[in-house]
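For clarity, chains are labelled A, B and C in written order, and residue numbers in each chain start from 1.
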Amino acid sequence: MSKPENDSLFEAPPMGEQERMVEAIMFATADPVTVQELIGRMPHGCDPAAAIAHLRKRYEGRGVNLVKIDNAWAIRTAPDLGFLMQKETVETRKLSRAAIETLAIVAYHQPVTRAEIEEIRGVGVSRGTIDQLIEMEWIRFGRRRMTPGRPVTFVVTPMFLDHFGLETARDLPGLKDLRAAGLLENRPPPGSVGLMDTDDVDPDSNEEDQTELF
Amino acid sequence: MQQDLDLQDDKLSVSERVAAEALIVDVGAFEGPLDLLLTLSRTQKVDLRQISILALARQYLAFVEKAKQLRLELAADYLVMAAWLAFLKSRLLLPPDPKEEGPSGEELAAHLAFQLERLQAMRESAAKLMARDQLGRDFFARGITEDVQRVRRVSYTATLLDLMQGYARIRTRDDFRPFVMDRQHVMTMEQALERMRHLIGFAGNWTEISSYLPDGWDADPQRRRSTTAATFAASLELAKEGKIEIRQGETFAPIQIRKKAPRDE
Amino acid sequence: MSKPENDSLFEAPPMGEQERMVEAIMFATADPVTVQELIGRMPHGCDPAAAIAHLRKRYEGRGVNLVKIDNAWAIRTAPDLGFLMQKETVETRKLSRAAIETLAIVAYHQPVTRAEIEEIRGVGVSRGTIDQLIEMEWIRFGRRRMTPGRPVTFVVTPMFLDHFGLETARDLPGLKDLRAAGLLENRPPPGSVGLMDTDDVDPDSNEEDQTELF
């Protein structure tokens, strides 16, 4: 707990109290709460990160657990108790196969352009599919690609991570294996007669662009 | 090599062609040619990495051929893929022409294999993703939430300049306020007249006009001036009406008035 | 949730598990839960009442407590932590023109009654304006005027002097100073009503003011 000098002027509440505060705030909301937000809401000089660590330990193995989503925290029921919650189960809209695949491609290949999604699936992506995923707040626009046409990219959201119980996108199942197998590479088709290669880009020039920019 | 390929072709004609026909009936279920190729590739019953692209190309072309015979409408991208696969097939079968530019048949085949493998991998990943515990299905968020009340405290501020400008604004407004008679310190001729009409009845003898000034108006110079002027003006008025007479012994001597007797007329 | 008949054949889960279940259900349901409801949702043979008792003890003194509402139970924020559910944002705004003028009159004419303020401003002063200035602790009640009705007077406070960097109210620049500073110079075009509205429309005169002032 390294705090700036002048913080010591204010007496921060004891850690036990801070833990209670974090507990109360976490229980009060359904959405993940960032440490930054906790700092903003708790009295001056508090160390929410430390309190979270304690609290997380406290709830280990309990009916509800403290989980990390991106750089935020939330309390969620233990997954093994899902069978008790028939009443709470929310019927999610059945996603089409196209939507599920598109979602997976965005998650594993992010940031990814629409053209890249289409190349991977070998078929056009309908506007509706992307719209639906954006509307569900599972994907969002990322930064534009620094390539001709400056196409927008898509990335997954914290809501997506929350929904699938992922701490970060790096925790996607099988991600390491896919990467090792080279299946997440944007491999250009040999020659110019590529399949489905729409308005797409030479990944090398892409890289260069990015390097120049940042 | 050639024989081996023919053999595969023959094999295709036995079981695969049957499967291909089954696929045709359900052509709408495919999400594009790559999806169809992936489905066809499963009939080879080998790992995707060992798949024979040549055999796959043949399967695909046979499928398209069959569809044409059945007069099924195939979307354009299926036909584009068929043309490309026909080209690929010829590249794979014919010995490479050193004069020809561009990638070799093997390179093109390898890329197609990569695409199939990648699509397959994404399919599997999507399945794994959907099989995960999901929020609202397997684990749950807080049911009773408490809203964070946003207490907005507004802090008002002003500078000395604001204050001075504000005051200046008021004072300048004063300067230009339309002129209004200060009635508190002014006696009008009407008031004096009214007053004198009551008093004049008792003035049979010459009386100095100053004795007609009301009480309390002589201390303040402004008031004394005002009431003197008003009383004098009222006297003139009364004289004009013939109610009184006025006289003054000499310049600056006291002015005297008395009631005019009607019988004198 | 229809459980098979032969449930009674299975042993009820250990109390620790039952506690977890109650915890998860209480956490996730949108309404307080009755024991009856818990019996219906938990596996056969469970004793939710006992589990509640344990859980209640567990949450004693924590950031959230198990509380009984009517006949049902719910997890609620500990009463002493209610303050965390408020987020205070401070917004700084310029004092209204009416308030500034009123303040200026009090400062220049103190002690001054409300009627006098109105006479000087030539327009009524709302209760709200006075209240606001009192609340800001810039003006306060002075002694009553010894005139009929014994009206209260207003004077400026040390807070006011402090804020405006004045030692006494007498240090306020006089009309002469205001004139010297160009604050009284503005002559209105004939027929116009408002004067000197720096916050007002006429950009030219405004500009002039500024130039003269700074």
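What we mean here is this: a residue touches a chain if its C-beta (ideal position, glycine included) is under 8 Å from a C-beta of that chain, and two chains touch if they have at least 3 such contacts.
Quick caveat: nothing in here was measured; it's all calculated off a predicted structure.
Innermost chain of the displayed assembly, by C-alpha centre distance to the whole-protein C-alpha centre, is B. Ranking every chain by how far its Cα centroid lies from the centroid of chain A, the top place goes to C. Averaged C-alpha coordinates put the centre of chain A at 36 Å from the centre of chain C.
Centroids built from CA atoms put chain C at 25 Å from chain B.
One inter-chain figure worth recording: chain A and chain B are separated by 29 Å, centre to centre, where each centre is the mean of the chain's CA atoms. Shown for chain A are the residues in touch with two or more other chains, namely 27-28, 41, 75, 77-78, 81, 85, 88.
Residues of chain B found to touch two or more other chains are 140-143, 146, 148. In the complex of the two chains, the chain B residues touching chain C come out as 140-144, 146-174, 176-177. Within the complex formed with chain C, the residues of chain A that make contact are 19-25, 27-28, 40-42, 61-64, 75, 77-78, 81, 84-88. Only residues 24, 27-31, 74-77, 85-95, 97, 99-101, 103-105, 107-108, 120-122, 132, 136, 164-166, 172-173, 175, 178, 181, 183-184, 186, 188, 195-198, 213 of chain C touch chain B when the two sit together in their complex.
Interface residues of chain B facing chain A in the complex, by the touch rule stated above, are 31-35, 37, 77, 81, 84, 102-103, 107-108, 110-112, 114-115, 117-119, 121-126, 128-130, 132-143, 145-146, 148.
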